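Input: structures, listed below.
Same chain, two partners: subunit A is paired with subunit B first, then with subunit C.
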Partner chain A sequence: MAFYVAAMIAILILPVLLVLAASFQGGLEASFGSRRWTLEAYRAIPPAYWDALWFTVRIAFCSTVLALLIAVLAAWGLVRGRLRERRLVSHLVVLPDAVPSITLGVALLGLFIPLGLSNSFTGTLLALTALSLSMGLRFAEALIGNVPEEMEQAAVTMGAGRFTAFVTVLLPVLAPGLTIAALFLFVHNLVAFELLLFISGPNATPISVRLFTDIVDRGVLPQAIAMSAILVYIAIAFYTLVVVTVGVRYVAGSALTRKG
Partner chain B sequence: MDRLYDPSYAVMTVSSAPARPVEGASWRERLYYRAFVLPALAVVAFVVLIPLAMLVASSFVDQETGSTTARYYISSFASLFFMRTLGSTIAMALGVTVATILLALPLAYVLARHTLLRGFLIPVISVPRMLPFVVVGYAMVLLLAPYTGALNKALMEIGILSEPTFILFDWPGQALAFSYAGTVVAVAILTGVLMTVDPQLEDTAVTLGAGRLQAILTVTLPLCIPGIIAASALVFSMIVTAYSIPVMLNSRTPYMISVLIYNNLYSLQERHLAYAQTVIVSVLAMGMLVAGQLVLSRFGRRP
Partner chain C sequence: MLLGKLGPRVEVSRLNKSFGGAPAVRDLSFNIEPAEFVTFLGPSGCGKTTVLKMIAGLIPRSSGEIVFGGERIDNLPPNRRNVGLVFQNYSLFPHMTVSENIAYGLRMRRWPRDRREARVGEMLALVRLEGLGERKPEQLSGGQQQRVALGRALAFTPDLLLMDEPLSNLDAKFREEMRTQLRDIQRRARQTTIFVTHDQDEALVMSDRIVLMNNGAVEQVDAPEQLYSMPQTEFAARFIGASNIVYGTYLRDGDNDLIRVDGLEAPLPASTKAAAVGPAGSPAAACIRPEQVVVRPRNAGEDIRSAWPRAFSATGRVREIVFHGSSIALGLDVPGLGTVKCERPAAELQGLNFGDRIGVAIVDCHLIPRGD
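Right after this comes the complex of A and B.
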């Protein structure tokens, strides 16, 4: 049993380690023997890759902020307004999760091309925002549901408007939880691929799409391996942050995983 | 559900009894709150509902004449090539799903029962879950490539292989890549599912004379079946619609349905045919998810 566990862990970690090892060994192959260690592959990363990474970070950041903003407003309306359509809205918002990414990508292409939104920042932003809404709304509903309504009611009895009470009383209470939610959404948006493949173009190339088109057009390149390694560091940083802030328990049972 | 049995929750519900009657909330007041839901609905409508409706509608419209037709569906199902592609995709997805669950279950069981091990290992093996599929593809190339891949080199050094195998660009290569991606997801989900099963139930069976393995198979495993079904459905639909791995590892054998759609869309300019085939694949993938949900609701809620 111990052997099986060790073997499984080794198999699951090995491919990631290979990417890291290869990135320090010139990038084309990995060995754990006597090969020299070098940063050549990292130096070979062209500006186009950094541009794509920077674009991805910007778009992930903007879509996370936008999605959380929309989700918190909606969750507040749904929870505090005791709206009967709460279930319906949850079902609608979860659609981008349930529909395969490739389907949504093909569908978006059909709509975005006539509108001039494909191959643009705005189009990509909209797609990622929609993809993030379900998780954002789930987080926000749970967070708001846990805060007693009296806190806002107290503010309202003293003369604040309901929305003022929401912004000045409720939002500060939600802030820590929303920060964690933002972390999750951000990383998810960072690694989205299949949805964006269809609507991406020269003006809007996320890093995952850039790495993909390069291996298809030109084969395995050292700089692509180095960039893959950088994405591995980002994933490691993400899990470290999650473990430090919310604890390991959250990682174990969660079905949260990359979409496409 | 658990919240109902949580005393603090009961206290909270009592104390926070609505200041205004729930049903008495005026029409105007609801409208006020509804306004805040509108942005969310607008985004979903614009980015999800309208495009999907257009996709389905276009798949029934003839690309040349603009008349309503079902010919794209008929020709897809009548095409031996399409059906073979669909078949190989489903075969791949089913095989990998079964292999994934079988590989992941024992590990998930061990992790669920050992808190310390879990605390250390779960974050480590979760790293691939937050990598783009493309990076998993690169990792597979580094592992399995014929001359430069780590596995081939190791096997040739030991002397098991005299010349490199070319499995990367064939069924086994893709199956391994998918199994890897699937196992990573399944281990995390199944660990969570197994953690919800009370270990005392299993211990009881053991004290009553069952072997440990028998106790696991007859007590713990049946309790996890809903979770296993949910994990399988997730892995299956992920593989059926995966595009990056099939293309990165030689898109010819096995020919996957997503590659076919992409080629129809871009290379062959058969847009509406691609739409129809997208609808077919989506129905298949989402059908599995819905079937999984139905089984879940039938066997009771997720434990």
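Right after this comes the complex of A and C.
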């Protein structure tokens, strides 16, 4: 048992550690110990990277919020409305996940150019939201399915309208699970690449695309590695923030909703 | 102290519900007087919870009327019916404190803050949870959570309180204590109440009246004593309490009712009979309660005849002895009657052993129409 856990951790964490180590050593041939540790690579990060990072953080944040907003309301309708078509809908939303993102990106480009949405914040936002919706919906469906309907029925018999019951009772009960869903979506969106490759442009360059084009043009520069490391720090920071706010028991285990 | 205002009379008539063509509730009609405690009793799946949810407006009815104090409420959405509902699993809001849970209905009714706080205090006192208002539901025991659910449903003075098997999640000993507490709270608040249960003891102990349901329809509506001593159908006789049911023919002897049981020479005396039993000579069934069966030593036949001159007497063999503390339940093999259940005070049966032959007398019974 311990072996499998150790193997899993090694496979998962080692590449990340290598990137982090490399970011302090100015090259991909990183090693632990022998070479000089320095912050030079971080200082060499050009302003264009910071712009791209800021753009990415904003877009990842907005798309996560938007996707969850739609997904939670849709899941509420699907789970509580007892639509006969529910199963079909649940399966349909998995479909985009089955198509390679790069293909979707090409399709989006064809759709966005006539609408003037390619190379824009709005276009990138819509693309990422679409990408997040299927995962968001599955999260939300599972979360809402876990909350007994009596909870909202109790609120309704006490005088709350259906939507008031949703906002005052269901949402707070779902909050921990939704926060974790948001974390997953956000980190996912932060590094989304294939989907955005074609629709990005000078006005809308996510950091992943910026790094890719630089690496293709000029090879792996130390500042690119440093920027990759920064993305890891952001992910860790958000994870920590979520753990601190909703409590470790929701993140580590399977308890996604508040228990009565 | 404003505990509760006397609510309106509740009238339900010809209520029907079918799920995909299958009838779940059939032509249900009943009335409830203000402050009355009425129990819906029936086996699981008989439609009692469906009725409750239709009254609360949580599921739509197929047809029928629900009237509170002369006004139809069956077309109102559930949040405008002014009905309190206590669920089997309590369904307290886990993110709110006890006080916030109780205040929820008041907030929805836009009560001002000071009135709300006063009412929450009143409710906490009523359900004996003073000092626990700031706790979260998960910090309370099952019985305390139960009382929060009750306080929450009573706070906004509902016209009707509905309780769906609220005691079934409690352990047996505590459940009995809660029966009394719940009834006491209901009396003090003068709260018109419908209580749903499948537990006949609970229904007999707590109710002013019992609506006995079977297969989506009302079987009998009566006070507990009537339901027990004068069941109108075989279903009612079998469902409420223990009983021996035997089939035969209804006879009249002067002013006395009798039943000649198939396969027995002598008739059984019956002091009561259900309304639906036909004229003398029609087929009928006898409901013999275990306490209507008397046992005596085999040589004491004279004793029985002098105490109960009209009693049916025979000799039986003891097949089963179950000690219940103050009483003992016997299973007696009586020729022609099969196994007869009998319950006597423990003191009467000292020295009785399994397999003993014993004098058995059936001193009375209740006649019901013969089932199909």
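Keep in mind that, in the parts below, the second predicted complex is superposed on the first by the 206 of 260 C-alpha atoms of A that agree within 3 Å, B and C clash if a C-alpha of one lies under 4 Å from a C-alpha of the other, contacts with A are read in each partner's own complex, and residues count from 1 in each chain.
Just so it is clear, a contact is a pair of C-beta atoms (placed from the backbone, for glycine too) under 8 Å apart; a residue touches a chain by one contact, two chains touch by 3 or more.
Since this is a predicted model, take the numbers as computed values, not measurements.
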Touching partner for A:L68 - first (subunit B), second (subunit C), both, neither: neither
Broader residue contact with subunit A after superposition on the shared chain, subunit B or subunit C: B
Partner chain(s) touched by A:V173 [first = subunit B, second = subunit C, both, neither]: second
Partner chain(s) touched by A:L185 [first = subunit B, second = subunit C, both, neither]: neither
Touching partner for A:V16 - first (subunit B), second (subunit C), both, neither: first
First, second, both or neither for A:G110, with subunit B first and subunit C second: first
Contacts of A:Q153 with subunit B and subunit C, given as first, second, both or neither: both
First, second, both or neither for A:I199, with subunit B first and subunit C second: neither
Intersection of the subunit A residues that touch subunit B with those that touch subunit C: 148, 150, 153, 258, 260
Residues of subunit C touching subunit A in the complex: 56-58, 77-85, 87, 89-95, 104-105, 108-109, 137-138, 145, 152-153, 156
Subunit B residues within the subunit A interface of the complex: 12, 15-16, 18-19, 22, 25, 29-30, 32-37, 39-41, 43-44, 46-52, 54-55, 58, 103, 106-107, 110-111, 118-119, 121-143, 145, 148-150, 153, 180, 183-185, 187-189, 191-193, 195-196, 230, 234, 237, 240-244, 247-248, 258, 261, 265, 271, 274-275, 278-279, 281-282, 285-286, 289
In the complex, subunit A residues that touch subunit B: 1, 4-5, 8-9, 11-16, 18-19, 22, 28-31, 70-71, 73-74, 76-78, 80-83, 85, 89, 92-93, 95-96, 98-104, 106-111, 126-127, 129-130, 133, 137, 148-150, 153, 162, 187, 191-194, 197, 207-208, 211-212, 215-216, 220, 224-225, 228, 231-232, 234-236, 238-240, 242-243, 248, 251-255, 257-258, 260
Touch list for subunit A against partner subunit C, complex: 148, 150-151, 153-161, 164, 168-169, 172-173, 175, 258-260
